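Labels run A, B, C, D, E, F, G and H following the written order; every chain starts at residue 1.
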Amino acid sequence: MSMKLPATLAATALTLGLVAAPLQADEAPVTMNIKVMTLDTASRLAWATLEACREAGVNVAVTVVDRGGNTQVVLRDTLAVDLTLEISRQKAYTAMSFNGPLSEMEDRFTKPFQVGKVDGVVFSAGGLPIHAAGRIIGGIGVSGAPSGETDEMCARKGLDEIRMDLEMVQP
Amino acid sequence: MSMKLPATLAATALTLGLVAAPLQADEAPVTMNIKVMTLDTASRLAWATLEACREAGVNVAVTVVDRGGNTQVVLRDTLAVDLTLEISRQKAYTAMSFNGPLSEMEDRFTKPFQVGKVDGVVFSAGGLPIHAAGRIIGGIGVSGAPSGETDEMCARKGLDEIRMDLEMVQP
Amino acid sequence: MSMKLPATLAATALTLGLVAAPLQADEAPVTMNIKVMTLDTASRLAWATLEACREAGVNVAVTVVDRGGNTQVVLRDTLAVDLTLEISRQKAYTAMSFNGPLSEMEDRFTKPFQVGKVDGVVFSAGGLPIHAAGRIIGGIGVSGAPSGETDEMCARKGLDEIRMDLEMVQP
Amino acid sequence: MSMKLPATLAATALTLGLVAAPLQADEAPVTMNIKVMTLDTASRLAWATLEACREAGVNVAVTVVDRGGNTQVVLRDTLAVDLTLEISRQKAYTAMSFNGPLSEMEDRFTKPFQVGKVDGVVFSAGGLPIHAAGRIIGGIGVSGAPSGETDEMCARKGLDEIRMDLEMVQP
Amino acid sequence: MSMKLPATLAATALTLGLVAAPLQADEAPVTMNIKVMTLDTASRLAWATLEACREAGVNVAVTVVDRGGNTQVVLRDTLAVDLTLEISRQKAYTAMSFNGPLSEMEDRFTKPFQVGKVDGVVFSAGGLPIHAAGRIIGGIGVSGAPSGETDEMCARKGLDEIRMDLEMVQP
Amino acid sequence: MSMKLPATLAATALTLGLVAAPLQADEAPVTMNIKVMTLDTASRLAWATLEACREAGVNVAVTVVDRGGNTQVVLRDTLAVDLTLEISRQKAYTAMSFNGPLSEMEDRFTKPFQVGKVDGVVFSAGGLPIHAAGRIIGGIGVSGAPSGETDEMCARKGLDEIRMDLEMVQP
Amino acid sequence: MSMKLPATLAATALTLGLVAAPLQADEAPVTMNIKVMTLDTASRLAWATLEACREAGVNVAVTVVDRGGNTQVVLRDTLAVDLTLEISRQKAYTAMSFNGPLSEMEDRFTKPFQVGKVDGVVFSAGGLPIHAAGRIIGGIGVSGAPSGETDEMCARKGLDEIRMDLEMVQP
Amino acid sequence: MSMKLPATLAATALTLGLVAAPLQADEAPVTMNIKVMTLDTASRLAWATLEACREAGVNVAVTVVDRGGNTQVVLRDTLAVDLTLEISRQKAYTAMSFNGPLSEMEDRFTKPFQVGKVDGVVFSAGGLPIHAAGRIIGGIGVSGAPSGETDEMCARKGLDEIRMDLEMVQP
């Protein structure tokens, strides 16, 4: 049983600039770097999303989670009900974990007791992954609109607001 | 990132008389008013519902929740089983959160891991939203009858009992 | 068993302007009004609190809850750990529920299995109630500073930011 | 390993009239009878308690549980906070389970990890057991007053309201 | 709002001998009697069920709950896995709550978010209600056999063992 | 990083006869044997304990857990309240996990947030570890007597009932 | 009601060499032996599985549980998300409990509220049971690959690594 | 309300080399980098810790968590009980969250309902924070030794094993 990082992964890590410690010949890296949005970026994303929903005439809650699945920002609009908190959180967590828009994953699991049943995971439109420097760095979830598609449209507009900043992030 | 309430919502708020603080030109309201039934009204509703079920020969539990999703009244009839407590609470919470009779929402979500899977939400007939002054102010849930339709019929009779009072509530 | 609101409470309600429906001679009100901060106010409060902590050199999470105990805003600073989310929420909830600064309530319960043991309640400095028009309308909790007193100082500065607005709210 | 009820208990059961099936010489009873208040009695108790608190000028929640620990009635006054629901339920459950007034049991457990730490149990004044025909049949819990002693005083007044009825219950 | 038990239910109660206090003209009963199996009976039922499964060559867990949904007996055979504990409990609770054999209720709920989704409820064969004197007094659940039908067959044999005793219970 | 079992432990394992596979020179064992009471033994233990409590005039619940912490037997006497189920389980689990009588461990942890606070652990008299062939094989917990010392006395009498059998178990 | 192990099971136990105490004529065994992998074996299995996934270019979490359902080893690869922890645990637990590869059990339960709905159980490919000496001794679960089949392929390669050792375990 | 990172924090971030995107005059960074040990490093740490405990003659569980509080590695020694899993996880999480050795924090909170009561937090010796490049990157927790001091000594030896590697990590 070897503790070494296989060659393939070590190579990948180097290419992506993830590796924090200098790599020697046959040595796995000691640590890697994970990117996390600053709260300031996450808040801009959340507010732009919430305002896109306000413009669409709907009251929603918005949650942004980082790559560890931990909440960074929650905004619940004045008239959005309590349940939107839990649902927006689960959508953000699911979109980050499965790294894709939830609107495209509603049919990912169809048998009643597959992975989708695990607590905290929900497959309804309204969640998007967040990327920077070619990697997943978090997720955003929205709940409160009459349809999940509207929820997800708001999140997409929210991401537009910070897209240029995200694109300039160095690997 | 603007902190202001968008014009559209501010206008809506004014129209509905929700706004507590005087609005100035470009200023969002500081607080809004949420209506909540008094316990006395909620209790009348719960008892009228329970007695409608007794007349139909069924033992049920009834739960009334306010707009924040918090319980105001629970009544479990002498011979109704423990499980009716949890189910009536979830029905009340779901009818309030989705703002519609549950009997009309049983088919709202059909894929196995959509929003309906979230804990505390159930889509079986037997729950109704409560309105006053044109807004949602709570929900009522009933459990214990052999069919959810009977549960919901009781809730409807219960709401009839307080309908006139609710209709006279000023916005 | 009377369903009527006792005279004393009805009188109080009138004085405070809480009553939504016109009161007749011997009739309890049907509904009351509960004030809730708009999201915009809650967000200003949360950000002012978080920045007060940044100025003090500490990374914190801030949670604002309404009178129903439901979260309105969560902000977790970029380097604040996950645990600050849960603690700030419990502080906000406790300060609102017991209607006082937590720094003054650390000694409220001293026996090991009293009310303070209930889940979701915590008695450590760092939480404040929020008032408007003479009534409690929510709570704010802060976690992350080396001492709870610093957490609470940030919340106090945050409240200063919206104090004038809160004071102008009509009953 | 004997399945028989020991003589001592069988004798007690006979004396108390609990036994449903005729006892033969060396035979344990098949079933016993447990008394449960009707919902109507439980509701009278809860309302009398709540009104005693209103007269004392405090907004509380009241919970009544049966001997199985299952809720029969919950009443939360219009302005009582959400937390009073959980605390009144735990007080009712604890007073029933330990069969005594909580005000007399605050010092029952003093070491930090004794039985009092178990979830759902709380040792703060504000809960009373309910008896009929010489046996425990439920519990009542109150939360919301500034002191637990006031909570418990309300419960005591509530029990006064149904005392005569309880005293007439046959074993 | 009347606190009285409606005539229909009061009549039913009298017929079934459930009423503990003497009924006067227009008065609801104060308490009712709920039958509960003695532990000795419940244990005989559980062991007879477990041995029926042993004879069928399967290792199972058996749970018996009373009408309040509280466990009376649990037996897990030496080689039955941990999961059989939770499943047998849920089967016992569900069969008691819905008052029927689970093998006949697997199709009771078919939409994905109906009542069957509530925690603690499971609709797989292997659970039976327990009756005495014409009323439900508990439930039994079995888990561990390759098919739920075998689980339920064992429970049926277990009930046969105490059937005569149950039939002799007076109302 | 070596995967080998250190010499000291390997030696211990050999001495105790725990090792299932033949040990070669420098090879760790692949599997070990864990002893578990048969259900029949566990049930004898539970019943002897419960009857010792009946003789002492108290109604209790008894739980027996195996070395993995999983329940083998639960018996709740006819009049013991629901709470005794949870407490007896926690006592059994704690006595097994800490391998000692709980009556001797009530002072083991004294600071309020030490290990004793973890869910499922309780340090009140009424639990004993079960040993065979010089090793811990489970735990028994009792709840329901007015004092934990009486609970533990019953468990001790229960263990007396199976002591000879346990002593004859080969390592 | 006999406490004895029925002849059939006693015979089976003898054949399998599970019985720890000498069996006399009409006596059930007092204890049985359960095999458990040493941590060292479990760790070799987990690492071989994780490296098989690395070679396939996917980041996963791996969990190994013993026959009691308790975790022995968890490995989460550097870039695998948090959710893979919970899913790999549930897969390991389910494969052990139902004693089969999850890829063959995805259709085992098809109605929405059958046994598969119980918390902690998941029926998606990626879990395998672990056997030694003809009996189940644990389970392994993998999560993180785009498809469950890849997850399960890694687990299969992991088991290949320790297959010879497992095959040499004596009953 | 400004969205900008205050000057003080921006300066700190620059000094520590945390900032991923180039900072312009008055612009907050978009993302930051969080270091995470590779699984390979975390596993070396866990094994070195577990073997230090084996040498001390104790069976323990070891958990390593990253800065997000998510588990990276769990090792439970063959004879360590189930409870050590939960305790080692809580110790790792607490040491990381409070950034200090738990042996020095047992007296940090002394009133019964302070922050230490929050679920998942435990203040008993046996947990250490993990640092690299001057920042916290995770935590390690150990449970199973008769005293927490021994648990923590093992963790300290484990950290010694990877100290040189950690010290070479670049900021």
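Simple rule for what comes next: a contact is a pair of C-beta atoms (placed from the backbone, for glycine too) under 8 Å apart; a residue touches a chain by one contact, two chains touch by 3 or more.
Nothing here was measured: the structure is a model prediction, and the numbers come from that model.
Although chain C and chain H share one sequence, what matters here is the overlap of their interface residues, and that overlap falls short of half of the numbers used. A repeat of the D-E interface exists among A-H, C-H or A-G. It is A-H, with more than half of its contact pairs matching by residue number. Interface comparison, A-H versus A-G: the higher count of C-beta contacts falls to A-H.
Chain geometry summary: the mean Cα position of chain B and that of chain D are 30 Å apart. For the pair chain E and chain H, the distance between C-alpha centroids works out to 48 Å. Inter-chain centre distance (chain C to chain E, centres taken as mean C-alpha positions): 45 Å. Annotation for chain H: residues touching 2 or more other chains are 1, 3, 5, 32, 36-38, 40, 43-44, 47, 67-70, 78, 82, 109, 111-112, 117, 119, 121. The touching residues of chain E, when paired with chain F in their complex, are 36-40, 43, 47, 50, 68, 70-78, 82, 85.
For chain C in complex with chain D, the touching residues are 1-2, 5-6, 8-9, 32, 67-69, 93, 96-97, 109, 111-115, 117-121.
Chain E contributes residues 3-5, 20-22, 28-38, 40-41, 43-44, 66-70, 132-133, 137, 162, 165-166, 168-170 to its touches with chain D in the complex. Remark: chain G residues 43-44, 47-48, 51, 54-55, 57, 78-79, 81-83, 86-87, 90, 106-107, 109-112, 114, 116-117, 119, 121-124, 143, 148 touch chain A in the complex.
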